[in-house]
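Please go over the structures that come below.
Paired with chain B in one complex and with chain C in the other, chain A is shared by the two complexes that follow.
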Partner chain A sequence: MDHTILPQTRRELLSMIGKAGGGVAMYQAMTALGHAAETQFSGPPALAGARKGASVLVLGAGLAGMLAAHELTKAGYKVQVLEFQDRPGGRNYSIRGGDKVVETDGTVQDCNFAPGNYLNPGPWRIPHHHRTLLHYCKALGVELEPFIQLNHNAFVHRTKAFGGKPQRYREVATDFKGHVSELMGKALNAGSLDDKLTKEDKDKLLVAMREWGALDKNMAYTGDLKVASQRGYDRAPGGGVGGAPTPSAVNSLSDTLSSNVWTQMGFFFNYVMQTTMFQPKGGMDMIGKAFFKQVGKLVRLNTRVTAIAQNDQGVSVSWEDTKTGQKGVAAADYCVCTIPATILNQIDIQVGPAMKAALKALPYSNSVKIGLEMKRRFWEEDYSIYGGHSFTDQAISLISYPNNNFFKDGSAVLLGAFAGGAGGYQLAGMTPAQRIEAALVQGSVFHPAEYRKEFASGVAFAWSRAPWIMGCCATWTEESRAAHYQNLCALDGRIVLAGEHASYYGCWMEGALLSSLDAITRLHQRAQAA
Partner chain B sequence: MMMNQMLRYGSLAFGVAALAATVALRAQDAPGGGPTAVEVSGEGKEVYEQICQACHMADAKGGGGAGAVIPALAGNPRLADKDYPTVILLKGRGGMPWFSDILTPEQMAAVLTYVRGHFNDYQDPVTVADIERVTTASPPVPDCNCTQ
Partner chain C sequence: MDHTILPQTRRELLSMIGKAGGGVAMYQAMTALGHAAETQFSGPPALAGARKGASVLVLGAGLAGMLAAHELTKAGYKVQVLEFQDRPGGRNYSIRGGDKVVETDGTVQDCNFAPGNYLNPGPWRIPHHHRTLLHYCKALGVELEPFIQLNHNAFVHRTKAFGGKPQRYREVATDFKGHVSELMGKALNAGSLDDKLTKEDKDKLLVAMREWGALDKNMAYTGDLKVASQRGYDRAPGGGVGGAPTPSAVNSLSDTLSSNVWTQMGFFFNYVMQTTMFQPKGGMDMIGKAFFKQVGKLVRLNTRVTAIAQNDQGVSVSWEDTKTGQKGVAAADYCVCTIPATILNQIDIQVGPAMKAALKALPYSNSVKIGLEMKRRFWEEDYSIYGGHSFTDQAISLISYPNNNFFKDGSAVLLGAFAGGAGGYQLAGMTPAQRIEAALVQGSVFHPAEYRKEFASGVAFAWSRAPWIMGCCATWTEESRAAHYQNLCALDGRIVLAGEHASYYGCWMEGALLSSLDAITRLHQRAQAA
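After this line comes the complex of A and B, so read on.
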C-alpha cells in the first residue's frame, strides 16, 4: 500500500504545507487554492516550546498587547502586561452611562447614557475580510452583528448644493449614474469613441449604459417609471384601484454634480469599506473584554511605563502606579512594546537611532466622535432610515444611525460626528459642551424638526486630547514608510514594537493583530536561537 | 465666536483638497463624505483657535502628564529661534503632526507670528519668506525636549 498520507480536507492539506514549509509556503499554497488572497492571516501562530522560565514583558493592553500576551502564554512564556489606563482595550473602547472621560487638560465629561446605550469613540466597523480579528472574535466568543454600511435611504448634504437641502443618497446616486450613462451614450452614438472601441464592444457598451443608467429607448435619462424603480416615486405603488404609481422627477445634471455624490459612491467601493461589515453586540469593547478574560490576571492596570532599558541579559522597564504613585521596575528576557508612537517618542527608551528616528517621524491623525442620545428613534419612525450614514461637508462629516435594536421604543445613540482633518481640529479645540452644540447645529440639517427636540445627552471624544495616545492613528506617507517602516518593525536587541502603527493596515484593528502576530513570531525565533 | 467660524464656508481651499488626497492614500478608517467645506482662516489667531488649540489648549499651556506631554507654547524659550517652530510645523515630530498639508505658507507664517508674539514676547514676525527658506534648507527636526 502507498504510505503517503492523503489529507482529508483542504484545511489538513494546508496545515501539512504549513508545517513543512512555514508561513510563506502556506500562504502561497492558500493563494493557489483561491482561498486567501484577501488576507495574510494563516491561522493563529504555532509557537511552542519556549525555553523553561523564559519571560516577556508586554507594554500596553490594547488588542496588540493582549493578543501577544495570549499567544506567548500559550507558547510557554511567563508574561506580564503593564497598562497605563484603568481599563484594558486601548483604542478598542466603548463609552457608556456612568463612564468618565478625562482629557489632557483635566476636563472631565460624565456620560449619562441610559443602560444599554453606548458610543464607540474609536473602532466601530469590521470588514468581512479582516480574518485575524474575525478569527479571534469567534474563538473568544464575541458575538457579532451586521454593521449597516450602505443605506440608500440615508442623506447626502452639501452646504452649496440644492440650497443646502439634504438629498436621499438613492436619488442623487441614481441621477448621477443616469446622466453619466446618457452622456456616454451620446458620445458613443456620435462616433466620438469609435477609434477606442470595436464595433462589438461599442454595441455592448450602449446596452450597458441603457440598462445600468435606466435610460429610455431613446437613450435619454428622463424620470419615467423605469427610473423611478431605482430612485423612488412621488406616489409609491399601491393596491387596488388607486394603486398606480407616479415617478419622481429627476435632478438636472448640474444639480447632481453639485452634490458631489460620487465621493460617497466611490467611498463604498473601497476594499475596507465594502459590505458585509460587522460590529460586536453591545459595544466594540466586547473584543477587548474577551481578550482580557484570557489574559486579565497577567495585566497590571493603572501602570504607566516611564522608561525602557535593555542589556545583553534582559529588559528592565520602569513604571509608576497612576493611582498610588508607587514606582517599580519590571524585568524580563524580552519586551513587546505596543505603546503608541506618539507616547513612545517621549519615553526614555534604550533602542538604536534608527528606531528612534522612526518614532519621531510618525505623527498621528486626529478625529472627534460625538455620541448623541436621542429620546426616540425618529430616523426610523419618521424617515425609514435603519442604520447607515448621512454625509455632510460640514465639520461633523456625517451622522450615523445605530445598527442594533431596530424598531425598539426608548432612547438610542446616534453618532453625531466623525470629524477628521481641519474639521476635527476645530471640534477638538472646543469644550465638550461646545462640541455637542456644534454637532446639534450641524446635524439638524438632516432632521430639523426632531434633532434638538429629542436630544437627551451627549459625549464628545477628541482623540488628540486623550492622555494615553494624543491622537488617532499613525500617519505614514510613502516617503516615511520607505525611510522608517522596516526600522520601526525590526527587532532592536530584546525589544520589538507592535501595534496598528507597525502594519500596512494602519488604523484598523486587523493591523494591530497582524503586527502583533508577526512581532511575537520573530521574537520567539530569536529566543529559541539564543 | 467659535460657532460662527464653524459655519463659515468658502471655496474648496487648496489645502483641503491636498489633505483629501493623502487621506485616501492612508486608507484609514475615515468618514467617507469626501473633503469638507471647512475653511481655515488666514488670520494667525484664528488658525491657532481652529487648529493648534485642539492639542495645545486655548491658553497655549499644553496638557497631558509626564511622558505624554503636549508642550506649552506659551512662555516657551525654544520659540525664540523662529526656525525651531517652523521646522516642526513643516515636518512634524512625534505626536505633533506636520501641517504643510492643511495650512498654506501664509497661514503657517501667520500662526507662528501669533504664537511667538501673543503667547511669548518675540515680536519679529515669521514671514512667508521664512517658511520658504526653512522648507528649502530642510534642516533636521530638533529633538523633543518636552520635559523642560
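After this line comes the complex of A and C, so read on.
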C-alpha cells in the first residue's frame, strides 16, 4: 500500500474529502468515455417490426447463426436455420466422455473422459470486456467462473535456456524486471538519459526502478530477502523457533534473457488476455446449448448446404440430409450465412465477384488442442499450480491447468497442447495417438515424475482436420483486410455473411456475435427499405 | 505464443522429444528442491503417544489455538480451550447481517447486510503456497474459490496525478513499461551500457524491450494499434462494416510517473500476493467454523483469562465468565497460549523476563476495513470490473470488489477501505458512521455516479478498537526480531506461545498455523522427555 500522500490530521482529511468530491464531475465525463471505448456492443438490437411474413434463412447454428435466429425471431421474422453437424454450437464446443471425433480422413477418436470432464477444443476463455458475449451469457442463464490466466507459480520453459529446465514464472519475471531496473538505474545515474527526461522525472524513475525492480539501496539486483519476497525463498518463512527464511539466488542477466520470459510478460498484457477472464461452468458449449434452448425448434441439424442461390424475389438454398440422404430446397426472403470461408469456398454460392474474392483471400489459422485426463491433480497437490499456463517453445506451445473444481479429488483434464503455426501442423500431421504421445513427452518436461504415471486418456483435436471447418479461424492480414474486408461484410443482394471472420475480433466468440448483430441490423434496414 | 525454436520436420520433432525426455532426470532433482522451498509445512505433525493423562490448556480459540487443540487431542492429550469471545475463530472472522460489533469505548454497530453478504474484517485472501492452511481447509472440508488479486481493468488513483482522475491499471501499467522500454532502448542504442552487458545480451535486451514494451519499429512508444492491443482502444474492435478499431492515446512519461503505478506493479509481484489466491466460499470464518466442528466440545467461550501461573507440577489459569461473572481456575500439565501480545501484556503471566520483554517489544499494526453493501454490482455492470482492487492514496487506501457471485443480481458487499498506518488511525478515530461516510466520499472518486446512489448499509471495523485484541497483527522490525523473537517462541517452563506473532509470516493465518505446529511439536518433545 502506498500511504505517501496521506493527510496527517482530521482537517486535512476532510479537506481531501472535499477535493475528491470536487473531482467527481470531471471524472464522470471520463468514465462515460471509458465505457464507450470498451466495446461496440450497446445492448441487444432493437429490430422490431419486421414486415408481415418476411423470412430469413440462417446457415450455420454456431453462435453467430443462433444469435441471428434469436434476434430476428424476436423482430418478427420467420427464421429457419440449417446446420451441417449433429449438434449446435459450431466452434463453441466441448468434447466429453462418449463423444466421437471424426477427422477429414475418416479417423475416429472415442473420448473416454470420466463424467464431468471435458476439453474445450475451440474457445476456452472470455475476456471481461467482451460485453456482447457476457450479456447473452447472463440473459440466457449461462453460469461463469473465473479463468485463471496469469499464474506466477506456473512454468516457463525454453529448450535452450537453463539446460532445458523449466523455471517458475515468478522467478524469471522478477529477475527480468530486476535486471532491467538495475541497468536503467546505471544509465540514469551515469547521466546517459539526461537529455531525454527532466530532473524531476529522472528522480521519480530512479525511485520507481528501485522499488519496482526490488533493488537494494545501492540500486543493485541481489538475492536478498526483499527480492525473495517476490521470487520466492530457498527456505520459506515459517513459524516458531526455526521460522527464519533464507532467500533464493537470482539468475544472471544472461540466463534471464535466455528464458525469453518477456514473451509471457507481454502476453499477459494483451487486452484480450488480461484479468479478469471467465469460462462457463461445465464446459464452453454451455453457451451454444443455451442459445439452442432459444432457437432449437428452428434448427435443422445434419443438413449440408450444397448451393446458395438468390434472385430479386428471394434466396433459395439447396441442402442434403447427411443421415438420410434426403434432399431439399429451403427458401426465404433473405439469408444470413455464417458458414466459414473454408467451407463456403467449396459451395456454389450466387454472390458477386467482390465477395467471392474476399472469401478466397481469407486463410484460416490452424490449431491443435489436446486434452489429457490425469488421474489426480498433481499440478495442484505437488506443485501448487491452480489454473494458468506453463509455456514452452516445443510444438505443444503450452500446457494449461483446469480452472474448475480446484482442490477436488479424482481425475481432471489438463490442456496438454495449444499448438498453432508450425507446431500445430506437425501435430495435425500425426495420428491422434501420436499427437497424444508427443504431448505426453513434451509436457513431461514440466511434471516429469507425474505426467505419464497419472495419465488416463486423451483426445487430440486438430482444427485443420475437422471436416466441418478444415481450419480454426480467419487470419486477416493488414493487406487482405484493406483489400477485401468490406466486400466480405457488405450485403450482396439478399445475402449477408456473419461470423468471427466478418469482424475485427477474429478467432473470438465476441467477434462472431458482434458481426452477427451488425449483419442482421443491416439486413433488417434493407428489408424495411425494400 | 513463442514458436521461435519449433522444429521444422517430423524428424526434428522426434529428436526434440528425445532431448526433452533426457532433460527429465535433471529437472526432477530441481523440482524436488522447489517443493522444499515453497513451505516449511510437511504435513500434519506426527505427535502420537502422549503420556497417559497428560493435559494441555490452550488459551484462545483462534486458528492457532484450535489447530493446537485438534492435533494435541489426536496425539492423546487431554485438552481444554478457553476463549474470551462468544465465537471461535479470533481474527478469522466474517461479519454478517444481524451481527453486533462492539468497540473498546462501548460503541456498538449493528450489521444490516442482506443474507449471504459479509465482510471479512481480518484475513481475506489465501496465497497458493500457504500449504498448511490449504491442507487443513481440504482436510476439514472448507470449500475455496478464486480470489482475484490483479485486475488490469481496475483503477489507480493518485490525488495529485491526472487531475485526480483515476486511470485504468492496464493503461498506466502499459504506459510505464512502454516508456521504460523506450528509454532503455535509447540508452542501449547510445552505447551507454556497453560495458555492463555482452553484445549478445544487448541484442536480446533490445528485442525484449521492443516486444515487452510494445514499441514500434523505431523503438518508440506510440499510440498505435499494437499499443492499443494492450492498453485498450478509443473505439474497440467490432464486427461487420464498422468494425475497425481506433487506438487510444498514450500518457506522457511525466504523467505516467506521477501515477506511481509501479507501486501496484510491484505489489502484484509480492510472493504472498501472487496468483492464484483463494477465499473460502461463504466467508473467511468458514475456516474457524470448520476447526470448531473438530474441537468445539473442548472450548469454553466467553471466558476471560485473568492470570496464568506455573510451577514444577503444571500450569493453572484463572478465568472469569464474561456473561455470568463466574470465576474459576483451569489446570493442566502444559499451556499453549495464543492470546495476542496486546492482551497478554495486560495479564498477570508467570513467565521469565525474556519472554515478558519480547511481549512488550512487539507493537501491533492497526487496520480499518469497511464493508459497503451496494444495491447492485455496478462495478461489474457499468465498469466491467470483476474482483481485484482499485488503489488510491487517500486514507481508505483501496476499494476491493467482491469475488463471490460474479454476474449475480441483487446486493453485494464492496470492501470500501483497507486502511493501515496513518490512514487507519484517522479512520479509527472517527465514529463508525463517520468512517462509512469518509469511505463513501473517498471511494466515490472511482464510481462517482453510483457510489452513493447504490449504497445500502455499511460496517466499519477498526482493529485498534476491538476490545479482544486492540490491534491488528504483530509488526516485528529487523531489530526487535533479532533481540526478542527467539525469546518469544522459546518454551518458558510449561508455557509456549503460538500465533502469527510467533512466526515469520506475521499477519497471515499461515503464520499462526505454522507457529502452532512448531509450538506443539516442541511441547510434545518436552512432555515426552519429562
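Everything that follows uses one rule, which is that the second predicted complex is superposed on the first by the 496 of 530 C-alpha atoms of A that agree within 3 Å, B and C clash if a C-alpha of one lies under 4 Å from a C-alpha of the other, contacts with A are read in each partner's own complex, and residues count from 1 in each chain.
Quick note on the criterion: a contact is a pair of C-beta atoms (placed from the backbone, for glycine too) under 8 Å apart; a residue touches a chain by one contact, two chains touch by 3 or more.
Given the structure is predicted, the values throughout are model-derived calculations rather than measurements.
By the touch criterion defined above, A:Gly410 reaches neither chain B nor chain C.
Using the contact criterion defined above for the overlaid structures, shared-chain residue A:Ala438 touches chain B and also reaches chain C. Applying the stated contact rule after C-alpha superposition, one finds that A:Thr263 touches each of chain B and chain C.
When both complexes are overlaid on chain A, the residue A:Lys360 reaches chain B alone and has no touch with chain C.
When the two complexes are overlaid on their common chain A, residue A:Gly328 makes contact with neither chain B nor chain C. Of the two partner chains, chain B is the only one that A:Pro467 touches; chain C does not reach it.
Of the two partner chains placed by the overlay, chain B and chain C both lie in contact with A:Ser397. Contact with neither chain B nor chain C is seen for A:Gly98 once the two complexes are overlaid on the shared chain. Of the two partner chains placed around the shared chain by superposition, neither chain B nor chain C is touched by A:Gly352. Annotation for chain A, partner touching more residues between chain B and chain C: C. Residues 158-160, 260, 263, 267, 270-272, 391, 393-395, 397-398, 418, 420-423, 426, 429, 438, 441-442 of chain A are contacted both by chain B in one complex and by chain C in the other. For chain B in complex with chain A, the residues that touch the partner chain are 2-3, 5-7, 9, 15-16, 19, 22-23, 25-40, 49-55, 57-58, 62-70, 92-98, 102, 141, 143-144, 146. Contact residues of chain A toward chain B in the complex are 103-106, 123-125, 156, 158-160, 260, 263-264, 267-268, 270-273, 304-306, 341-343, 345-347, 359-366, 389, 391-395, 397-398, 418-426, 428-430, 434, 437-438, 441-442, 462, 464-465, 467-468, 470-471, 473, 475-478, 506-508.
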